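My structure is below; once you've seen it, I'll send some questions.
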Amino acid sequence: MLEELKKAVYEANMLLPKYGLVTFTWGNVSQIDRETGYFAIKPSGVDYDKLTPEDMVLMDLDGNKIEGKYNPSSDTPTHLELYKAFPNIGGIVHTHSPWATSWAQAGRGIPCYGTTHADYMYGEIPCVRCLTKEEIDGAYEKNTGLLIAEYFKENDYEAVPAVLCKNHGPFTWGRDGHEAVHNAVVLEEVAKMAARCETINPQVKPAPQELQDKHYYRKHGADAYYGQK
Amino acid sequence: MLEELKKAVYEANMLLPKYGLVTFTWGNVSQIDRETGYFAIKPSGVDYDKLTPEDMVLMDLDGNKIEGKYNPSSDTPTHLELYKAFPNIGGIVHTHSPWATSWAQAGRGIPCYGTTHADYMYGEIPCVRCLTKEEIDGAYEKNTGLLIAEYFKENDYEAVPAVLCKNHGPFTWGRDGHEAVHNAVVLEEVAKMAARCETINPQVKPAPQELQDKHYYRKHGADAYYGQK
Amino acid sequence: MLEELKKAVYEANMLLPKYGLVTFTWGNVSQIDRETGYFAIKPSGVDYDKLTPEDMVLMDLDGNKIEGKYNPSSDTPTHLELYKAFPNIGGIVHTHSPWATSWAQAGRGIPCYGTTHADYMYGEIPCVRCLTKEEIDGAYEKNTGLLIAEYFKENDYEAVPAVLCKNHGPFTWGRDGHEAVHNAVVLEEVAKMAARCETINPQVKPAPQELQDKHYYRKHGADAYYGQK
Amino acid sequence: MLEELKKAVYEANMLLPKYGLVTFTWGNVSQIDRETGYFAIKPSGVDYDKLTPEDMVLMDLDGNKIEGKYNPSSDTPTHLELYKAFPNIGGIVHTHSPWATSWAQAGRGIPCYGTTHADYMYGEIPCVRCLTKEEIDGAYEKNTGLLIAEYFKENDYEAVPAVLCKNHGPFTWGRDGHEAVHNAVVLEEVAKMAARCETINPQVKPAPQELQDKHYYRKHGADAYYGQK
């Protein structure tokens, strides 16, 4: 059932170790089929070098397991809330990639210091607050998703396909699992360069708005002219 | 004799270069068979790419060599004291992995800044003091073990399976050699992110206690729900 | 047509991932044939692992596509202006290599702190200002080239074959594409060591002029004695 | 002639890229045969992946080329002076390895912050001053060697087999070329950890003298007990 979806999710998951974004099992990718409302996600705590496409777990948006011999990732309720809140996305990634996680631990959003950032993310990549004790002791992973969704009620989740969760780590998303992984790689690279850039010049300011606009719209929207489109 | 044990110790040692935790021969893994009270450990100063399972040295808890053509690691007396002090562990790792060693040289414990740390280690990873001149000039390696054991008389060695020795480097442990290596990898990753995190935000504070609790108990104890258990 | 040129440009482009200078498609190399005035350049947004020599796009110095099924790199107008302004160069590279880009984002030129730098680049590697809103909203990539060219009207583009564009990233050049890549590698290495050097000693000063002279002229000009020339 | 020597020097040179100590041709290893007084050294500016044992250049201690089709490394006069000043060494390495070079550019010696350093180098690794204009404009490479030799007239070159040349980079030595490379790897690792350690704790002090003594003499001298000796 939905074999294509499980294969795509498997392949997107295998990109995480390829791009150096995960240690051990510290990451997961999911992808949704909007027609059925089912999404496939990595099983919890299974090593990447033992994964197969059949190991992917199929879930519905009420949190029921539709198919799969394993438990889904413990972060599944976060993915689920994001799929409900962001109707135009098709894939989600969570990792503990070291540079992005360092910013998340530091509790700071990543300012847009240059065109590498502006090419993919429009403005600062936000760091949402830590959950309260009540939110943590309750449905922790679900509440993580609700908190992210709340932030993006007033912000454009398509223009900034990434978020840092304070004291935790990043989530990214995209049209499918593959694009979400792509954005996770961009985030890690941008996080690294922003940290180094602040060390080189502690007074550094974000890039001028007009440059951010230029690079973002060079790749996105009706007037995009990057690539072969 | 105890061929399975030597093979396991050999394989755990070979993970150290695989995970980038050692340069040259700067590390060693041991594992104990609690029934016989014998433990196997890497020989001293032998290159990883020349090691074989048969090269592992078998020791008893009085420090006698039971079997092996080589001298055991010069850190053997430290391992021995830890096996005596920590009855529930089965494996020990010592390395000079660069990030953990940088913290040890700096003489600072590693605060828990996020969930990557909290998933494995409950609270700050301690840095024990440098040995005194008397302790160094005496049975140095044994005294290193006694000092670590002393610290954990009043702390939970199972909740924090790692320690930094000031001006020296880290030791980690676990149920067996493999898990001790796993914890050494976690320690190195956590040490790296904590250092970067402090550079990104010099005023950073440890993660809230309730978040540390949540992540630690998500993976440990009766209510754990991470993975396939 | 100009098959040798396209092959050389293809091979120079493939060196970018080999030397770790690019993530995804964030870089491009071109090389010019001064006789015909045509230059070959990487197509826009095509993955490195799918590139072939035939994919290279052939352009003239008026910006007309002479040959090629793909759109040329979106940075083509920058390359074009540099070929017009720098008559003695044959190749150009643009990347977002992380250390050089961190300096560019920081808005600082890279001081010459040692002989590694002095062996290849004579004096500080400049960081040119951000474009104005008018320059950005107009012919952005062409204006980038014009700004670099303007800086080098009063500076020696052969003695310093590299520039940082503020909030963006580096361009390097050389006698051909291969040498331009070589200079891009040097720039990244020099940028890394300069940043670390300032952390180790925040009061560090540039290397004495006589040392800079010695190393530069050991490799360049009539009295060079490095290598097998 | 001296084929064994040339083979050993070739193999030691090939370790430099293996251990990540060189970019392009930025390094060289030599080894001396004390009986004949001839030493073999890498040719100048020849790529590592094209080197063969036959390419090694044979020199005598008066600076005459005894054998070889290539020019010797431009650093040959430095090697020569060190062989004359340090009678107990058999091999020398020069690199621009990034962490050691960052300290050299910063103009600081590397304090002994821990046992990784103390195991190989007894006390601070010195940074010798920049040459004067007269020394640079004269026999530059020879004067580099003389300056290092001058420093070690009052210091023990066997206890500290490494030096940093201000604004330039490191030299290391040992009983043969292989051991000199080993020390170059140690130096790079120690330089990296010392820099990070100062960032983690800006008030850090060198390791206590008794610990430095313990670790150095655990590996060196009559009472050494590390390894299989």
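Lettered A, B, C and D in written order, each chain numbered from 1.
The criterion applied here is as follows: a residue touches a chain if its C-beta (ideal position, glycine included) is under 8 Å from a C-beta of that chain, and two chains touch if they have at least 3 such contacts.
Everything numeric here is computed off the predicted structure, so don't read it as measured data.
> What's the rotation angle, in degrees and to the nearest 5, for a C-alpha fit of chain A onto chain B?
Rotation angle, to the nearest 5: 90 degrees.
> For chain C versus chain D, which are copies of one sequence, does the interface use mostly the same residue numbers on each side, meaning over half shared, or is it different?
Shared-number fraction below one half, so different.
> Take the average of all CA coordinates in chain C, do the same for chain D, and state the distance between these two points in whole angstrom.
33
> Could you work out how far the Cα centre of chain B sits from that of chain C, in whole Å?
46
> For chain D, what residues touch not just one other chain but two or more?
Counting only residues that touch two or more other chains, chain D contributes 198-199.
> Based on which chains are in contact, what kind of graph results: line, ring, star, complete or other?
Topology of the interface graph: a ring, with each chain touching two neighbours.
> Under the stated contact criterion, what part of chain B meets chain D in this complex?
Residue list for chain B touching chain D: 23-24, 26, 43-46, 70-71, 74, 96, 98-99, 101-108, 130-131, 133, 136-137, 140, 167-169, 195, 198-199.
> Under the touch definition given earlier, write down the residues of chain B that touch chain A in their complex.
Residues 113-116, 182, 185-186, 189, 192-194, 196-201, 204, 207-208, 210-211, 214, 218, 225-228.
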